[in-house]
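What follows is subunit A paired twice: with subunit B in the first complex and subunit C in the second.
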Partner chain A sequence: MKLEGGKIPANQLVFLIIGFIYGTVVIINPGRAAGNDAWLAFIVSMLVGLCFAAIYVILAQRFQTKNLLEINDLVFGPYLGKLISLVYLWYFFHLGAIVLRNFGDFLAGIIFPETPISVFLITMVLICASAVRNGIEVIGRTSIILTIITTIILVLTSLLSIPLMDFNNLLPILQTTKLKEFLTTVLISATFPFGETVVFLMIFSTVNNPKKLKLTTLIAFLFGGGLLLIQAIRNIAVLGTLMDIYTYPSYTAVRAVNIFEVITRIEILVVINFLTMGFIKVTVLYYAVSLGTAQLLKLKSYLPVVLPIGILMICLSLLQFESSFENSYFTYTIYPFYALPFQIFLPLLTLLVAIIRGKKGVPG
Partner chain B sequence: MIIVGYIFALIGIILFEIPTLILNKSWWEMAVFLGLTGFAFLLGLLMILQVNIPNPVYLINKTVEYFFDLVPI
Partner chain C sequence: MFNYLAKKFNLVRLLRKQSTQNANGKKQSGLKISPHLKQNLETLKKTFKESNDFVIREFSFGSKEEPINVALVYIEGLVAKTSINDDIMKPLMYDSSFAGFINTYQPNDIIAFIDERLLSMADSIKVSNLEEVVEGCLDGHTILLVEGETQALSISNQGWERRSISEPQGEVVVRGPREGFTETLRINTSLLRRKIHNPDLVLEMLKVGQKTRTNVCIAYIAGIADDGVVQEVKNRIEDIKTDAILESGYIEQFIEDAPFSPFATIGNSEKPDVVAAKLLEGRVAILVDGSPVVLTVPFLFIEGFQSAEDYYSRPYYSSLVRILRYMGFLFSLYGPGFFVAVVAFHQELIPDALIITISSAMEGTPFPVALEAIGMGIVFEILREAGVRLPKAVGQSVSIVGALVLGDAVVSAGFVSSTMVIVVAFTAIASFVVTSHSDAESIIRFVMTLLGSALGLFGITIGTIGILIHLSALRSFGSPYLSPLAPISWLDLKDTFLRFPLWAMITRPKTIGWNNYQRESLDLIPKPPQKKKDK
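Showing the complex of A and B:
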């Protein structure tokens, strides 16, 4: 039984992964612990992330037409497989709720302080629900337009920030940061955003040319990582050591741009980036949860579960943190360790068990 | 007022989804939809009424912090 009949070409997958990687990192800085070495930590974490991605791609290519839930059923059997699938679905659902909350915290805390956070969450979920109901092909096509716009905005804001940049802020390299802080940053950045691409195990099966998965993922990781690197260098060069004290450094860095008193207050461009990339990230996670739930409950279509899951996602995102500080504590301290089993241990275990048991997907 | 709006939203969602399910005679899909929507509605209602609901993230925090204590990093 196939719930999703849509297929996406490899180039759309590239944009989808780039948008997903860039998603929340547009405003939140996972490299804050490493201070001025954050850019270096990003490069290392991208390499670690590529190792994670290699496991996902090998797994996806081994079971070409199967998604994560079908792979679990094949490898672990129907009962244990379903239990593991349920755990994954929780993770995707929770991650969606966290991204949604980051989105709400940013808009309600910085841009519209008088508006209740629930307004932003409901609006975002309604838009994402519409995309999810339209299927993976629509999500893929949307991602091309949005990712291109985001890239242009990032390059533009970085170029306009050049007069404010002091590249001495990038120095000294690896002298002020302790090894522990550096490794912590690498772990945080590897799990958030690179490791989160584990959700694409639900989407790889819809790519019309699975042989291109390796190249596609590599290009997407390098490009997405490149965008993060540009952003990190811009933020460090503009804000220097102050970067660590801001919750949203990109927003603060771009806010300072002032070209002859003519081009000012362009921080709204960062907000546009966050809206578009946040949309892609929430949509991909929302789609994975909806599709997975329908598959687990043996439904004929995933459409009936889309809206209820959206309501539950809003409820969880409101319930989980009492303030943005709690959100920050969870993101930087708890999340990397919470996410590791889903991002590396379980996929690695699945791959090892599949190899040992000689399980393979039948192409078709 | 919020509760009235919330109930109207729920009715809107049901009216949006149910006719197609009935026309297609998708009874299992309808049962799942009503079950999930009912649960989501109840959760949302309790949150609007500011009833204390157990927070799953609290459990996650405690579990990870427990491992931090076991393995000092």
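Showing the complex of A and C:
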């Protein structure tokens, strides 16, 4: 039984991971607590994230063509394996709902204050569902173009903000933040967005050249981390210490751009970035959940579960938070500890058990 | 409702039954030519239902005692009369008396004798089936039937009124060959042959259409084109079971990969040089008798932005023009939608000085901006349609009335704001830049305007992602539609946004002709002549 027949080349995986990492970070700043040292915290957390990713890649390469659920079945046996798979699926599903909610909060709160939030959630889920139904190949191809457009927009907005930048804002380094705050920021941004790449354990198996996975993931992390770094430096240099105040610093930073009174208020470009990258993030999670559910239920195709899962995702994202403040409280204080088991403990456990029990995927 | 469904079901069953009957009926034909000439002619007359353009000319030649009775059958208007007179009848009736005909005459090889010794025609084949006789007549052959023989000669001397080779109206170039395909298949294949002097250029003939029996020709270059694609094209064309193929558009709609997509997955051209270039990249061309439009597959999205002239003029300006084409395409997709979204939702994007101008122009117009955009879009499409179908002289007056009178009056009467007229007019101009995707453009433009008016730039972004998903999912005869953009292939970007110099285009497109990928040697860049060493 093969639910996904498509194969993606390694270079599409690069774009997918970049899009996934950059995803919600376009708008939400995980380095809030570190103030003007956020950029440094990003570099450290990217290294931590690379350690996470190393585990995923080793796991994926050990089991060649098997995806996360099949690995669980192999390593933990059919019953315990299914339970662990279910836990993973819940995490992907919940993460998808959180990302959706971030979307809704931002759009309904800032851009379209009079439109109900469900409009954005439903439109987004519909468009993601159409991508998911078309399979991983189409998701991969779409991500190439969207990621390139986003990179261009990010570089463009950063260049246009140069007149507003004051690089003294980056100084002093590691003076104003305490070590505890710095480490907190590292933890937050290691789990969000870098650690979230655990979902790619569902996708690594569709890459047509598994030997390239290490290099691919490294490039993607460096590039994705680079985008985050550019954005963080831009925001800090433009906004200075004010950055911590704003919920959506990128939006505010770009808003200030004013070139000869002609190019003004181009913050909508940030929104477009957010939409395209968020689309990739939601789609990858959505795809993982749909594929996983179908696999768990032993269906012949994952298409029938796509729309129901989307509807459930909308419901969860509407119900889970009372307001956008609750959402951001959750993101900064609870989420890192909630996500850690899924991102590091479970994969590490799987890897250790696999090594101890001597389980390996059959190559080819 | 159940009644309706039952009726539908019955109809389908009836059609199935009929089609199996047709298949059975077809097998019965295939009558052999009988040795009795009169009987053959009677059968043929019956087959052609006594049509008055079906001509039978009976005559005899040879000695007075044992005359050989023969008959020529052909269809008036499809054959060259002078050739029948000079090259068939004259040798038989007149020259035969000098050829020692009487002496060597033996009843069993009379057909061979005529064919080898008497007829001065280049192309003739022996047929032994009445069905082949009928088919030959319909193709414009002249058939020679002989009393007492079970074979006939099918002589190819087609000659009908044909349009001369002229410059295609739809693909005018400033620099490059002016000739275009015509409606006659043979002329079209000869035009291709004259571009590619190579025995590897393969032309395969098929007959499609149960009633029209149209000749369809598949052209490809063996060794460059992918065998799988060639086979796939053949299979798809052979599977067409329909009455009529009147134009290559019929074939296109029966074999395309994505019948529900607004985007065309099969390319077309009227210019032999364009088709030759596509063949040399590994594509397959489909020529249809009676149509000057030649189809090429696989067709990629970026081909719509390439023009023959890009390659004939030097690379710098062609690259600039190509980028402008992409911009024109984007503008014609997003122009009105973006304008509506900005005016209705994101006024802050407009510079201060401009917003005053726009708002003062909009003041007093009765309709919301979205309605204006869609209404003007519809008016433009109507004007275009009216201009295309009319004769040139009248068409000009339509454009004058439409553009000048209507455009000016609608603004001065205060129906529509002048800004909207500018946007729609420029969109219209931009939509003519990329003609290959023009039908998709018009549809998507309306969709984008609706999305922009409902959800602003959010809607437009969502719409764009939707189109991207759709485009990434499309395939044209196995090639991903968006390649070389997605899946990305760095080598092929040489001919996508920029047109690299010809000496840098070393390889063929990766998704199409990759089994024979090198098309030129590596070191072709022009260099100054090497200086002699002793100087």
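Structural remarks
Simple rule for what comes next: the second predicted complex is superposed on the first by the 364 of 364 C-alpha atoms of A that agree within 3 Å, B and C clash if a C-alpha of one lies under 4 Å from a C-alpha of the other, contacts with A are read in each partner's own complex, and residues count from 1 in each chain.
In this section, a contact is a pair of C-beta atoms (placed from the backbone, for glycine too) under 8 Å apart; a residue touches a chain by one contact, two chains touch by 3 or more.
Given the structure is predicted, the values throughout are model-derived calculations rather than measurements.
Considered on the superposed subunit A, subunit B and subunit C are sterically compatible, since they fit side by side.
Of the two partner chains placed by the overlay, only subunit B lies in contact with A:321; subunit C stays clear of it.
When the two structures are aligned on the shared chain, A:297 is found in touch with subunit B, with no touch to subunit C.
When the shared chain is aligned, no partner comes close enough to touch A:346: not subunit B, not subunit C. Using the contact criterion defined above for the overlaid structures, shared-chain residue A:277 touches neither subunit B nor subunit C, since it reaches no partner.
Of the two partner chains placed around the shared chain by superposition, subunit C is the only one that A:266 touches, whereas subunit B remains out of contact. When the two complexes are overlaid, the chain among subunit B and subunit C that reaches more residues of subunit A is C.
Of the two partner chains placed around the shared chain by superposition, subunit B is the only one that A:309 touches, whereas subunit C remains out of contact.
Between subunit B and subunit C, the smallest C-alpha to C-alpha distance in the superposed model amounts to 15 Å. Considering their complex, residues 345-346, 348-349, 351-353, 455-459, 461-462, 465-466, 468-469, 472-473, 480, 482, 485-488 of subunit C touch subunit A. Of all the residues in subunit B, the ones that touch subunit A in their complex are 13, 16-17, 20-21, 24, 26, 28-30, 32-33, 36-37, 39-41, 43-44, 47, 53, 55-57, 60-61, 64-65, 67-68, 73. By the touch criterion given at the top, residues 94, 180, 297-301, 303-305, 307-309, 311-312, 314-316, 318-321, 330, 334, 337-338 of subunit A touch subunit B in their complex. Across the complex, subunit A meets subunit C through its residues 9, 11-12, 107, 111-112, 115, 119-120, 123-124, 127, 130-131, 134, 137-138, 140-142, 144-146, 261-266, 268, 271-272, 275-276, 279.
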